[in-house]
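This structure is in structure tokens; I'll ask about it shortly.
Letters A, B, C, D, E, F, G and H name the chains as they come in the text, with residue numbers starting at 1 for each one.
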Amino acid sequence: MTEEIIIAGFGGQGVLSMGKILAYSGVMQDQEVAWFPSYGPEMRGGTANVTVILSDDRISSPVLHEFDTAIILNQQSMTKFEKMVKTGGTLLYDPNGVVKHPTRTDINIYRVEGARLAVEMGNPLTFNMIVLGAFLKAKPVIKVENVKKGLEKSLPERHHRLIPLNLKAIEVGQANLEVVQTV
Amino acid sequence: MAEVAERLKDIIKPENLIYGKSPVLNNVTMHYCPGCSHGVVHKLIAEVIDELGIQDKTIGVSPVGCAVFAYNYIDIDWSEAAHGRAPAVATGIKRIMPEKTVFTYQGDGDLAAIGTAETMHAINRGENIVMIFINNAIYGMTGGQMAPTTLLGQVTSTTPYGRNVDLNGYPLKITELIAQLPGAAYVTRQSVHTAAAVRKARKAIRKAFELSQQNIGTCFVEVVSTCNSGWKMNPVESNDWMVKHMFPLFPLGDLKDGGKDKTDGFNLQPQ
Amino acid sequence: MAKVIGAVVVDSEVCKGCNLCVVSCPTKTLGLNRDVNSKGYHYSYMENPDTCIGCSNCSSVCPDSCISVYRMKIE
Amino acid sequence: MGELRLMKGNEVIAEAAIRCGCDGYFGYPITPQSEVMESLMAQRPWETTGMVVLQAESEIASIHMVYGAAGCGKRVMTSSSSPGISLMAEGISYIAGSELPCVIVNVQRGGPGLGTIQPSQADYYQATKGGGHGDYSLLVLAPASVQEMHDFVALGFDLAYKYRNPVMILADGVIGQMMEKVELMDQRPRWTDEQVKEITGSWATLGKTKDRSKHVITSLEMDSHIMEENNLRLQAKYNKMKQEDVRYETILCEDAEYVLVAFGSAARICQKTVQLAREKGHKVGLLRPITLFPFPEKPIEELASRIKGFMTVEFNAGQMVHDVKLVVNGKTKVEYFGRMGGILPSPDEVEQALLQKLIGG
Amino acid sequence: MGELRLMKGNEVIAEAAIRCGCDGYFGYPITPQSEVMESLMAQRPWETTGMVVLQAESEIASIHMVYGAAGCGKRVMTSSSSPGISLMAEGISYIAGSELPCVIVNVQRGGPGLGTIQPSQADYYQATKGGGHGDYSLLVLAPASVQEMHDFVALGFDLAYKYRNPVMILADGVIGQMMEKVELMDQRPRWTDEQVKEITGSWATLGKTKDRSKHVITSLEMDSHIMEENNLRLQAKYNKMKQEDVRYETILCEDAEYVLVAFGSAARICQKTVQLAREKGHKVGLLRPITLFPFPEKPIEELASRIKGFMTVEFNAGQMVHDVKLVVNGKTKVEYFGRMGGILPSPDEVEQALLQKLIGG
Amino acid sequence: MAEVAERLKDIIKPENLIYGKSPVLNNVTMHYCPGCSHGVVHKLIAEVIDELGIQDKTIGVSPVGCAVFAYNYIDIDWSEAAHGRAPAVATGIKRIMPEKTVFTYQGDGDLAAIGTAETMHAINRGENIVMIFINNAIYGMTGGQMAPTTLLGQVTSTTPYGRNVDLNGYPLKITELIAQLPGAAYVTRQSVHTAAAVRKARKAIRKAFELSQQNIGTCFVEVVSTCNSGWKMNPVESNDWMVKHMFPLFPLGDLKDGGKDKTDGFNLQPQ
Amino acid sequence: MTEEIIIAGFGGQGVLSMGKILAYSGVMQDQEVAWFPSYGPEMRGGTANVTVILSDDRISSPVLHEFDTAIILNQQSMTKFEKMVKTGGTLLYDPNGVVKHPTRTDINIYRVEGARLAVEMGNPLTFNMIVLGAFLKAKPVIKVENVKKGLEKSLPERHHRLIPLNLKAIEVGQANLEVVQTV
Amino acid sequence: MAKVIGAVVVDSEVCKGCNLCVVSCPTKTLGLNRDVNSKGYHYSYMENPDTCIGCSNCSSVCPDSCISVYRMKIE
């Protein structure tokens, strides 16, 4: 099994750390993983994206021109990455950041109202975990228990008290996945 | 509501405009973080260049640091400089085109760490340039590492437990040293955290550029600044932190005025 | 006695919502908007448009030069 | 098995340095590798292993701090990125001339000049042909994974001491910023004073005791004949490296008709290209030089006599391709494909270039 | 005919700079080339032509002063010797990246490190393969006589402006310290402000007037696609140099069976070797690359198909030999002979090497 | 005549030897020009190392400059340093082997021109090293070019008409700046032109090495020196010239004593 | 005609400037010339030597392994350069600086008591001109009038008053050349 | 009263004849020799051997450490 994922959005949306948790969870279930971010001084307020690869085999290129899954959190990223989803692949997006909704018919499309749900949860910082939950519902490539382990490993001790909140957010995401189309 | 709109319409007329964006600033949104002091200082430089009518004779030297893109914002000719070398670049420009007004714009890492030699020697030669020194006690551009002016105890990404004198050495009060160089004409330390401070800083920058027309030595304006991203505070907290922690070590005010030193003391003794 | 009244125009697309103008205003004229601009910033605006005295403090401290200040005397 | 972690290439350099018993790190911030020093500072190894970590006032100061400390027979290192490495050119030449062991990490970004902070491999020449003045060579290791970022720190020190020569780890922004799973080595103790004396006691500046004559770390020699001998000694050392320490990896080269040659992160991309090409029935292999100096001449020579062509893939304007050509010496075709400015070609883009330049053409 | 003088290579650099209307020199003392600045200071050109001469605080400051002044469209230069040139590596990369024209003189001494002040050609790689980071090339001129030291200053500026690229004059201690008869060019005026504006007005920092948008001298570009374009533009320029500005000299190559390849003072020695060998009946010729970049590939390629072998003669461990091999590409034998450490081989020593390695072997 | 010989024989006995060549000096004739101050200072350093019994724990850092061969003369372990980088090299040595005594030996070109940044920062960090600074107002090694400390009016090979402030800038009083750095523990300016001066200079050097054992910051000894070759005078004239011309600008005496500055002033303000 | 000369002695003996005057004189008679010194920091009190080549043709190598003429002014130089005189070539030396006199039988050998004569002339600085005079007597490759012109060209104006003294020294040298052997 | 008498030994091969010892001697004991050593230097020597008081001034200022000073008290 190899899952090649791009997560893309604004700098402040927790894109990189969502990728990190995903990657760490992969480690927890003994997979090979690669996490490769865009970087630069423009990250302040600019766009950010990260490629995450989970695989049972040795991972070759961290640079990809097509993805199994694209998780898209703003319009710029939609413009850039919709076309890079493999035929039959998956696109998950938060409609709040998006003006032009996806138009491809050869891929699975899901939505999650991450931003709105995060506000409802009373903590905008849960946004990325909600989206992660939705993704795991759409594509259960990682077991939630491994996400938990991943969180434990990746968060510094002093932030461990936040883990329950994060797991709750994942649940909310899982519960709120909307299917737009499946192929 | 309509009444308010009416009233505002009355006031907001071209003839009532008393402060707007300087024409020497380009219409480009600056890449700086919200609340960054760089933007304020850029504005002041643009205003001074405009006021003095020297847009066509001013060459800026932009550094490596958060202000690396300064050339996108102030509408004059610019030369980039490698990290720390702005004073050498400015020396080259000014010596070869002495009729121009040349200024450098440098951060604390740039001017007071890697560029220490170029800074000290350009000023000691009395190069007729203006130097604007943004002292935000951190390396903003590269993500908040310790700078020469970082305070003892201050947390940065390379002093995560606070700067410690044994591990990291003392903060460098480079402006105090510069003020003693015979080639320095005017050395002042300013800030831009309040409107009053901004007005004083503008005056100081204007004075530096004016004096620079007289070729009487190096004019040096330090601006004690904030880097809220690097400091991990919001802009308002940053100003408070700066006032509380930085001003005691870097007190505002003029450090030298009146042109280069006389040469007597440096000459061979008379026969 | 001649009274001075003022007003400001904030370029809300350029504003980054840093709040520096808000705290620098002696008359508490300004506030940050609940809405955000296209870059996601809560931009500054005249919360109390009556109180502005056109002192241009806000404009002075604004790093992004997005405030224009207008002032006029009224008798 | 050692501890498993998910880490950035830059962070793992710091971790590996501490674990392999490195004595000191001297550096200056620069993107995309500032995390090396930041990680070290966060770990405070001076309180555990006793490793010294110092933020210098510049890259020039860093490399000369390395010079001083390496002269004491201690295992020290620095890291930087392209412009910073250029600033070290004089110092690196001095270190090579004085035959001091040390490890220098270059996490390359795009040049020339200030250029871009995006990844690049345009310092290949600088690393392998001596950016500084005079005849000298670094032993250059090119990691292609976070695991190799880890492994090459310890390996680098071993080789540096084997040859009394500076070793460069030539990485790039991709490997520096990427996170992968990495198996960490167990903590090794730093060399004890006794070990330092045993290993370096014949030359290091440990203080002149009565029982020996003074030690001088220097590259200076005004007598031309002795200076020439010094130069010849250096050259002999480089030849020895060519004999004993060439490292490379081949993937599917046994039956290959076409072989990609790529190092570092470009090789990672090519790995996938090989897969894509094989899926289409093209017999493509990959040769990945791990040591860029000494360059893997033998395997290339062997392949040259039986394959239809090589194509190097580089994030630069074509540098390593010349080293391949020198070895191939006309025996088969040698092409180059590359991108610059921080653009990373995707595996299929490389595949297309391969089809165009070699297989199709 | 111009004025005849007996002058040192270093002195003539200064004289030629003044006479060709150079606008400025920035430098720092280092043996064996300190006479360049000393001669300039003695002549006080600022009182005659208006040329600026400044002793900087270091080579780093020098090269960045050159950066600033060259950005103003002025014809400026610096000179140094090997360690000093290494210190300029970052600055030279910036100059190349910002496409600034200027002349940089390297009067080479032996390295690596502090090495020796005796002559050397060990900076060939540094000069031709980019000592600094990133993909860039200098146009490199290698003078073999004091007259060429003179001529190449003016030529250097012409080429620098033709390409908006730094030009390096790669000399060595022999040519720098040797006196020969030299015909000096007549004094030319420096460019007037009008000329500067005409020639460089489209890019130089002369002050932004209302009628044009601002000029920015920079090598920075964060957009990878634009940065790649910048890189491609540089490469196109280097290709143009290869088309239009290759320079070399051949001596007795028409009927030669063996050809020595040597540049600079090594070529002077080889000239005599050719004479000695011819006296003994060996058909030996000499090919002297004058531009080291762009390298004279065509004439070597042509010779490669008809002669029995090349031997490069270099005061280094064998650097240019690789460029010759790359061109020859296996078509004939390519040998190298060299001395290091400041030792200069005599013509008969070269002859013996030639007999041993090529003719006899 | 015989009587004289007899008398001398009486005096010249091992037990009457009161001053001879230091055992820490090698038996190699130094390459310096006749009368060069470098030789005297080498001798003093050797004597101090001998007196303090620290030959086996002292590492010298020799510069690029006329003293480039210092390692041939003083019988201790040495590291060369590239031009100007001795303070960085010494920092590397001292940080990695804090139990050693480490000193640099640098000329004015080395310490105050190309090496300005390394000098200022090593001292500002308070590196626990000794720095010996030979200020002979010229670049001796390379044939007598202008140094940072060359006086206005002084003739050198790059100021053949005398140093001129507009062309060449001011002499740099770097020791005065150094004395203000918080990391400096002891800063003094000495000379070796008379026997009395030599004795004072030896004391100062000894004090610097002694203090250095206590790790209380950087100890800095400037020796105002002659370079008769560069100055184109004989050694005796050179001393006179130095007294007359250099001492007014570079007055002898202590500039700082008592260890590194307290850290209070450099700290974050208490909460 | 090509004359390849090495002049070698102590730094203070005026070796380099003798070579310079010789070279300048060559220019005065329209010859090609090369003057190539040893250089280094060790020149202070150490040895100094200079190769001077005068030729009617373009000069190739300034680096030579044998010379037409060696002018030798101290013992070290004798040891080094006696063997580098071409068969049939010329060796001129000042016996005052020399312990081991030349022993070759296949070359012309001359001597001049330069040091002694200079003291007699009351000016030690004339030493090198005396030796030059002796050389020109032994091998008149340069006309004395061209030496005069050479001096005028090479000396700065303010030293022109010294030219008569120099010419006198050349005469003294010419008059005092001692022939040891000719082949 | 105890009188102090002195003597110096100059390593004449190492001496470079710089004259610094000569001018530093308070008793004019030293002078430069008319003869030169093998390097051509007029080396320093006790011109007036009687006058030396063993003050070691000469030795202190000598850059080449070629003077050894001896001193003894005589009654």
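By our rule, a residue touches a chain if its C-beta (ideal position, glycine included) is under 8 Å from a C-beta of that chain, and two chains touch if they have at least 3 such contacts.
None of these values were measured; they are calculated from a predicted model.
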- What chain lies farthest away from chain D once each centre is taken as the mean of the Cα atoms? H
- Among E-F, B-D or B-E, the pair repeating the D-F interface (over half the contact pairs identical) is B-E
- Note on the structure: Set B-C beside B-D; more C-beta pairs touch across B-C
- Query: Can you give the whole-Å distance between the Cα centres of chain C and chain D?
  - Reply: 55
- Task: Provide the C-alpha centroid distance between chain B and chain E, rounded to the nearest whole angstrom.
- Result: 39
- How far is the middle of chain C from the middle of chain H, if each middle is the mean of its Cα atoms, in Å? 86
- Message: For chain B versus chain H, what separation do you get between their C-alpha means, in angstrom?
- Response: 61
- Which residues of chain G are in contact with two or more other chains? 40-42, 45
- Going through chain C residue by residue, note those that touch at least 2 other chains and give them in order. none
- Find every residue in chain E that makes contact with two or more other chains and list them. 31, 54, 57-58, 60, 83, 90, 94, 98, 113-114, 117-118, 218-220, 222
- Enumerate the contact residues on chain B facing chain E in the complex. 55-59, 61-62, 68-69, 71, 75-82, 85, 88-93, 95-97, 100, 117-118, 121
- Note on the structure: chain A partner, complex, touching residues on chain D are 4, 6, 31-32, 117-118, 173-174, 177-181, 265, 268-273, 275, 344-349
- Taking the complex as given, what residues does chain E use to touch chain B? 23-24, 26, 52, 54, 56-58, 60-62, 64-72, 74, 76, 90-91, 94, 98, 205-210, 214-220
- Residue positions on chain F within touch of chain B in the complex are 113-117, 120-121, 124-126, 148, 151-154, 162, 165, 168-172, 176-177, 180-183, 244-245, 248-249, 260-261, 263, 265-269
- Message: Quick check: in the complex, which residue numbers of chain C touch chain B?
- Response: 5-7, 9, 14, 16-20, 23-24, 41, 46, 49-50, 54-72
